[in-house]
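Each of the next two complexes has subunit A plus one other chain: subunit B in the first, subunit C in the second.
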Partner chain A sequence: MKKYLYIYKTKLMTDLQYTFDLLLGFVGYIIHIFIFLNLWQYIYSNPKELINGYSMSQMIWYVIITEILWTCLSGRAFSKDVSNDVKSGNIAYNINKPYNYVEYALFNHLGGATIRFILLTIIGLTIGFVFLNGFPPLGILQILAVLLSSFLATIISIFLIMSLSLISFFIEDASPFYWIYSKFILVVGTIFPIEFFPEVIKPFIKFSPIYAVSYGPAKLFVDFNMTDFISIMISQVAYLIISFIICHLIYKKGVKKLNVNGG
Partner chain B sequence: MSVIKVKNLSKTFKVKLKEKGLKGSLKSLVKPKYKIIKAVKDISFEVEKGEMIAFIGPNGAGKSTSIKMMTGILFPDKGSIDILGLDPSKDRKKLAYEIGCVFGQKEQLWTHLTPYDNFKFFGAIYDIPNSIVEKKIKELNELFELDEFINTPVRNLSLGQRIRCEIVASLIHEPKVLFLDEPTIGLDPVVKENIRSLIKRMNKEYKTTVVLTSHDVGDIEKLCKRVIIVNKGQIVLDDTMENLKYHYLNKKIVEAKMNKEVNLDDEEGITILKDKGYNLKIEVDTKKKSVSDAIKLLNPDNIVDINITNIPLEDIISDIYKDGDE
Partner chain C sequence: MLTAVKNQFKITLLSVKYALQREMLNKFTFFSNIIFMIINNGCFLIQWIILYSLRDGIGGYSFRQILLLWGLAAGTYGFSHFFFKNSYGLSSAINEGRLDNYLVQPKNVLLSLITSNVDVSAMGDILYGYIMIFIYGFEIKTFLLYTLFMVIGGIVLTSVAIIWGSLAFWFGKVDMVANTMNGLPTSFATYPDGIFKGFIKLLFYTIIPIGFASYMPIQIITDFNIYYFFVVISVTILFVILAFLIFYKGLKRYSSSNLMNVRV
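Showing the complex of A and B:
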């Protein structure tokens, strides 16, 4: 474990040199938030009104949080890195190191995600505070619960994206899988809470990873209650185990059939 | 004591075949055809502790595949490998602690960090206590003369400096066997020489067993006492460097500048390599004709200038490569 923490630390060290470049990359995030800020302000004729149980400021906070989680992942770059590692044969040079590639990639990516998470949280909370006049009422313990849930969501996302990218071991191009996943998360997980979907679909979403990686932490932030917290934790722990196993299985199978060409 | 034992090692690859054009692409979609390529065929050899061997061959000969099997990256189809008592395909992680790899064409350092931070990183992933890493870095810093740039980010280093750091990074955990895959590729002659002497010094100091692949004959000649040549997946030669040269030493190259033309056609033991009237280049097989006899044939009175040399090792090796192709 110590060595993985060191990998995390090393990535943190590297990325800290580029904090300013990162900030420029967050322009997209800010634009998204402003779009939804205006959109929801337009839809809610009366800010006190509730739609599907959400007030206007809760809806906007929901998007602020889910967008933080999604943007700090930087999933597309991560998926591309892993796929490229497999396709270019670079993965070979990680295989003969005394660590597991999956864990290496996880902690390496977490290093970068941490910096993005901190910066995005500062930006997101500031925007929310200024335009929505204050934060949702959360105590210290509840904030910790949201952070824990966000942390688990990020790890699950990394495992899921890595699993999709590691399919490159078996097929030429795994990017369509990531594309479908990301659009799915964007439409079903980021913009609208589960409560907005028809009754028929709700159970499916609740049992899908979206509940664990996107809805969970955001829901806890905007409207914390113990029942939700417990069911979100159960879902997250279950998905953590499932995604961990799937990712390792794909990797194990893939490495066995690895062909490293040339050189 | 043998640290590397390779026995009857074989590896085949399945490569997808595609016929020409769009039609071929569609066809391969429905009914893919595969070609079996035998990359390594029944290779066996052993390497003793502290030995530096050259493992060479033309492109596509199977040397990299063999090295990748020895380091646990690829799984062999047949045969066995024993490195320091470990089987690379089963004890990959354990083996990782015992071996080091440098691939001249691949970067394993973090480019945005300094060499020092990189060495610390490698120390950590090999579970070496901090105090020992510091000591090791200091020691290797002196051996490889890194003082000047140990705190400069890797991305700002020259290729020669970077390769030195790559080698040091792979030595932090004191590997017993070091695999060097074209460590001097792309370097200028002075830096090459410098890297070679550093590798030599390291081998002497730590008794590290070195398996070197390179297309640079200089590397092989200066570093290795033994050479294994593979071609088309098979070992075509496994001998000491001295023997290799000795077998070919019975051939000499004579270059002469004459003031009169001579005709040496059909002379036994002499092969004309170049004949431009007054400038002549011949190969003399000393088993059949002595050099002095050859010079007599040229007539010493007519020689303006003469140069007698051994066949360059480069030619010897490419001859062996070609033999394997026939």
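Showing the complex of A and C:
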């Protein structure tokens, strides 16, 4: 475990050197929040009105939190890195090192995600505070619960994206799988809470990874209650185990097929 | 003059053709990239179905017009990324000295550079645009206007990408700025302009020119307006001239680099 923590720390320190680049990369995040701020202000003709149990300010906070979780992942770059490691044969250099590639990639990526999460949280909370005149009413314990849920959501997402990227062992370009996954999360998980979907679809979303990686932490932030917290924790622990097993299985199966040509 | 333009056009098409043939070596990857991109874009329809179940006429657009907006946004993006993919990596090409290969060719440097690679998945965007047109309601006039504005919008986006990328001639490493600025039109172009207020609308007709690439063309397609039509055409020509002027002005400052690379 110590070696993985060292990998995490190294990545964290490296990324800290490029804070300006990171901040520039967050322009996209700010633009998305700006668009949804305008969109929800347009749709809620009266800010006090409730749509599917959510006020305008709750809807905007929901998007702020889900976008923080999604943007801090930098999923496209991570997926590309893992796929390139497989396609270029670079993964062969990792196999004979005294660590497991999956854990290496997890902790390495988690280092970068931590910096992005902290910076995005500062930006997101500032935008929310300025435009919505305050924060949702949360106590210290509830904030800790949201942070725990966000941390689990990030790890599950990393495992799921890594699993999709490791499909490169079997087909040349696995990026389309990532596109579909990312759009699934963005459209179904980031923009609207589950309550906005038709009754028939709700149970499917509740049992999908969206509940664990996107809806869960955001719902706890905008409208915390103990029943939801327990249900979200159960879903996150289950998905953590499932995604961990799937990722290791694909890696183990893929590595057996690895055929690296010299060059 | 006309023969020179014709020859350059022929070379440009050949360049795209060879790049496409390279990509088609792996047929499964080629087709899966296109099909998955269509599905990828289609996912966003869910968002609009839900939004329109909450309120009609968002930003002054009917649901059918949103389909048209989405189709045009995907089409312009696809046209630009398919035919002129390298305009989006111009700043790194300048910094890494990769213009050397094109400078020794007896053809237009900028066109040779930006057309020497294709983005296969962008074909999925182009096809998705046409699917949206069919769902919107197929008419010869709509189809022709859509195709014209897809090309025009793609050229506007490419020109803007060239302008941002060319800043590397003066300021060196501008990749992050160029990437960020090139991403902005895509982020806004899929939302109706009616939901935005004030200052931001000014940006749509200046540094994020989706007003000319998307919003005005949508108005022309749905309710033809000759004045808007000529404004869009004129502004596109202006953007192209500006892109060429800035690139060739900057090219005089180009000093290559000591980075060794092999072009396969």
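Definition applied: the second predicted complex is superposed on the first by the 262 of 263 C-alpha atoms of A that agree within 3 Å, B and C clash if a C-alpha of one lies under 4 Å from a C-alpha of the other, contacts with A are read in each partner's own complex, and residues count from 1 in each chain.
Rule of thumb we're sticking to: a contact is a pair of C-beta atoms (placed from the backbone, for glycine too) under 8 Å apart; a residue touches a chain by one contact, two chains touch by 3 or more.
Everything numeric in this text was worked out from a predicted model, so none of it was measured.
In the superposition on chain A, A:Asn90 contacts subunit B only, with no contact to subunit C.
By the document's definition of touching, neither partner reaches A:Ile68: not subunit B, not subunit C.
When both complexes are overlaid on chain A, the residue A:Thr10 reaches subunit B alone and has no touch with subunit C. Within the superposed three-chain model, A:Leu160 lies out of touch with both subunit B and subunit C [touch as defined at top].
More residues of subunit A are in touch with C than with the other of subunit B and subunit C. In the superposed pair of complexes, A:Val187 makes contact with subunit C only, with no contact to subunit B. In the superposed model, A:Leu39 makes contact with subunit C only, not with subunit B.
Within the superposed three-chain model, A:Val102 lies out of touch with both subunit B and subunit C [touch as defined at top]. Shared interface residues of subunit A (contacting subunit B in one complex, subunit C in the other): none. By the touch rule above, subunit A contacts subunit C in their complex via residues 21, 24-25, 27-28, 31-32, 34-35, 38-39, 42-43, 51, 171-173, 175-177, 179-180, 183-184, 186-188, 191-192, 196-197. Across the complex, subunit A is touched by residues 13, 60, 64-65, 68, 71-75, 92-93, 95-97, 99, 101, 103, 105-106, 108, 110, 112-113, 117, 121, 124-127, 181 of subunit B.
Looking at the complex, you find that subunit A touches subunit B at residues 2-3, 6-7, 10, 13-14, 17, 90, 92-93, 95-99, 256, 258-260, 262-263.
Within the complex, the subunit C residues that touch subunit A are 26, 28-29, 32-33, 35-37, 39-40, 43-44, 46-47, 50-51, 54-55, 58-59, 121, 176-177, 180, 183-184, 187-188, 191, 194-197, 200.
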